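Note that the chains are named A, B, C and D in the order they appear, and that numbering of residues resets to 1 at the start of each chain.
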């Protein structure tokens, strides 16, 4: 029997809100699935769409991008800029057929440990249901195989 | 060639109980570029840190990963240790395997696998870390204290007395805050105004304190040591320099039926007014919303009677620009909107009061001169029912927390009542009596034993009017039966809530707040007066419900933090700032627009004869705060962020 | 006088009186219907200029040739309305000063070429405003509609097939007036965010990144799709981005030369329906 | 008496080859773009194309191919090489210009080193070329000393019948002969006439051009700037050229493992000659265009006694700004006169 599918999820988060929220989930001893790997950035403004593509190249089945609620940005308006970029990039991903459940965006504050844990729970479940991101994995596999001729 | 040291902390059992640290060490030992991997019970301890230092020297490490608790916890600790061992502190990174791994997962095997991935991706990152040098910034030795209640006044006086300059901003027309409204204070029952007003005067007269009343914070820019603050001084319509505070205007003002805020609506005031008799500064303001002249263009009675011509209806709001080094936020609290409690009849029955209204009734300077009488008919109440936790500890009403002061002030109210009405009968419905504090339990005991406070453990379910009485039905859970009390007055110990606009202020200041709007401290236990934003501190009830001693203590703590900051000429700032590659920059200025701090300037590139070749972006290291918004905007990848460079993040992701 | 003659004599006049040092326009090409960009510097050569319905290439990109505008002298350029928008963006992004540019504006309706009034970039605001409204009302490209109706997996398969052909010649970049970075992100190998190999993964990354970098900047002139030697429908990607910035941020790329880049600005009430 | 392969027999022909384990390739058209790829049967082929938009070289020199994979251990790096299979291939329906290009690049890839990737594919493949009976405005094989029925680089030459029902078959090499043996029964004896070959006009005097190019005086000529002023520096002409062969080697991977790849590169790109220092010896687009022309018509022929242009015309046909070898050589040939 093959091992059950465990999604690989990469999260890009800002250090002031979502990272702190994830810490709070920890200090509150909340439990959530171990599928997410967090990459800490100073601000959502620092999160480039490239990061998402590289996470997929590394075999991620899902990506989470998260930061401070609008108005709460430690850097005043990094998240407002981020929101515009996400709007455009999200539209682009959807248009090119990256399913909606593969890339999630959220606002999680330093006080929302519960929201963090619940979100990781729900996206892990959603991606588990959707299964591995086969279409992308196929592209990755092709880079490692000899050309067809 | 990278020589990375990986130090896996057990954190006692906190990590080791879930993560197989030995397996993690073995995995890291096999990782390219890792010179050594060690595990230890507590790396944050003295011997733990020493062992890291020793390893740095012994193996000539070029980078250090400590796999332990959150970097928000001990990054500074371990970076300092590395620096002491001669390794640039920015070559040390923390892999968070506690808060984000061992504490949140049940399955040890999965947690271990995750810990390995977290750690190795940071090993990949740290291989690309660069040595960074701290940035020095000057410190403006002037503090801004927001809020002129007891906490703000205390902080201002402490700072000023130590020689620091202070700007004290209060949005009301007078200093004082809620403490000025109180009658007596627990547990000593000394008169609140007697201890408060001298401090108000002292603050106002202090040569180092600049007082800006009737003012609000408009804009805050900059960073620790170098804030630029804009304060809006609202138009008073009274020239402070000319006004002598004689009070003639208030006598003559025809708009007399304005519900007075200071007396919580129990007395009226005029349109030109001082909030209370002992106001500091004791000079009136015109409430343009109710002023007859402002409403229909005729009146000016005050202007006619003013002996010094101080009334100026043309006055406009003024914006005051301040250079500030540190900010103390002491904006206090409000009492909860009692409209939430329809079942308690507040607003419907005039004799159902809030605790704060009762303070005004009991106050010698209050509307009744300190006589406790019913607002409805002026009669002395024979029975008063006090309802505790009217709002607090009630998640169904949206407040889960304890307001902390209500148990004490309710006991105080019962005592004051008995002291003034010797035959008065008090019944107090309570959930628990929380009287932790010096002299507090003794105080409540005194209320019961000496002043006849009748405590009933239980909640009130219904309140109605019958035959001129307020009928209170509740449960006595100790006796296990319903109780009904016919009262003449009911006092609700309403919850302490943040100022209604605290979230907006939090945004202006760039500090965090919780779901209610109380400001967030940097660490509840270890950094309770700091915020996550360097240079901004919290005092008093704006952080959480507090009584006077706690507020004062925290205010003094703030002052000591501010003074510690002011004791230095220069501050060292994290060198996490943006850098631009001028060779590839095309000068589109998208970064300039995106930067929240105006930290990016346009720089001319010239040839040897000084001819302009082109213009490129240049980052002002003093202004840049390191958010990296510019980096993401830059299409050509010209701008990068030290500490979180493109190479580092790329490696970190590729290491996952 | 035919419109071609009008524009020839206008060009002759400009060069003759010395108000411009160069006219960038269209000349005859290898076959009867092909037009090629030409650069006229003498009033005697203006007869080489051609203006007809085959003149579709957006010439705005040539203005950024290194050193071309450095002497502060003016240049006249034949531009369709989308070309003027490109000019506006180049000015908004500080790549040139519109004061140096004389616009020889024209539009093509069906097979008919019509002159456009005005010489400075700002003179064309009315027609650009009109085009914004048209763009808002314009139905999406037929293929775009089909794509939106597909399942994500089908869409992915569609693009996988399209991108699999990409040979990474970067003709799309070279032909695009908005791709003026001194160093393209794909040419940055520290780190190599975009795989340079032309396997489908690398091609997907390249095309997504390019489309994203053009979000709010693409004027839909068609240069890229036209240049692509393997016929990838790049206009669909760019068009989708334009749809997005128009609907979400009411941003019509190149509306005027003061326009702030859509991704370097924000409104606090920007829509965010997709954020959890 | 000549051998004829009738179109009607093509199905059997392909199935016979495939049964023998031979991979079959041919020109196909997809999404408005055409090139060569493996086909299961002849129905996938587009036999009406004058010329595919992409060239035959992709079958021997793919635009990206893995050379080796590596994995990085604690102490050592392990590598394992990728090499193309030696499974036999038949390419049906190449054009003479493309086939000639392969012969030209044989020289190149066996000069300072022997390119195993190229030659493995070359030696396993049989190119069956169909002579052109039509041409378009851009074809210029005749100007380059080739023609619509040149045999250069082909293993079998097929001449279309005037009736349009098949081809006259001419084996040119041993490999070609072998490929035909397996379909010997399908090759009919006949006397049918071949269709006339396409008439491709000669557009310039090649010799005059090479003479002008060989003159060092002309290297710095203003001509280069004028002829290439509109060049936008895209790589289209090089990537669609049957003989352009430049490549770049790239490592793609992470800390643990990766793949070393061989990717097409182009002298049209500014980055092609960019030094680490930031200095670029070919810093203008005209210098790059000059390089391309000089390489094809001077440097290459100095070394291999042959020009590396087959006159397929793709550089002009596909150029977004209507440039190409044709315009340049026409202009030079005019200059020379």
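The definition used in the following text is that contacts are C-beta pairs under 8 Å (C-beta built on N, C-alpha and C of every residue); 3 or more make two chains touch, one makes a residue touch a chain.
Everything numeric here is computed off the predicted structure, so don't read it as measured data.
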Item to complete: Could you run down the chains that neighbour subunit A and subunit C together?
Response: B, D
Fill in: Greatest separation from subunit B - chain, by CA centre
D
Discussion item. Can you tell me which chain is nearest the middle of the complex, judged by mean CA position?
Written reply: A
Worksheet entry | A-B or C-D - the one linked by more C-beta pairs in contact | A-B
Response to the item:
Distance between the CA centroids of subunit A and subunit B (whole Å) is 32
Discussion item. Nearest whole angstrom, what separates the Cα centre of subunit B from the Cα centre of subunit C?
Written reply: 51
Worksheet item: Which whole number of Å gives the spacing of the CA centres of subunit B and subunit D?
Response: 72
Response to the item:
By the touch definition above, subunit D meets two or more other chains at residues 64, 252, 254
Discussion item. Residues touching two or more other chains, restricted to subunit B: which are they?
Written reply: 583, 594, 633, 650-651, 654
Worksheet item: Counting only residues that touch at least 2 other chains, which ones in subunit C make the list?
Response: 192-193, 195, 197, 199, 202, 263-265
Worksheet item: Is the way these chains touch best called a line, a ring, a star, complete, or other?
Response: complete
Worksheet item: In their complex, what parts of subunit B are in touch with subunit D?
Response: 30-33, 124, 583, 651, 654-655
Practice prompt. Would you mind writing out the residues of subunit D in touch with subunit B in their complex?
Written response: 72-74, 254-256, 278
Worksheet item: Which bits of subunit A are touching subunit C when the two form their complex?
Response: 49-50, 53-54, 57, 70-71, 77, 80-81, 83-100, 104-107, 119, 135, 139-140, 142-143
Worksheet entry | Footprint of subunit C on subunit D - complex, ascending | 30-33, 53-54, 63-64, 137-138, 229-230, 232-236, 238-240, 248, 250, 252, 261, 263-264, 266, 269, 271, 316, 318, 320-324, 326-327
Worksheet item: Can you list the subunit B residues touching subunit C in their complex?
Response: 583-591, 593-594, 615, 633, 635-638, 646-647, 650-651
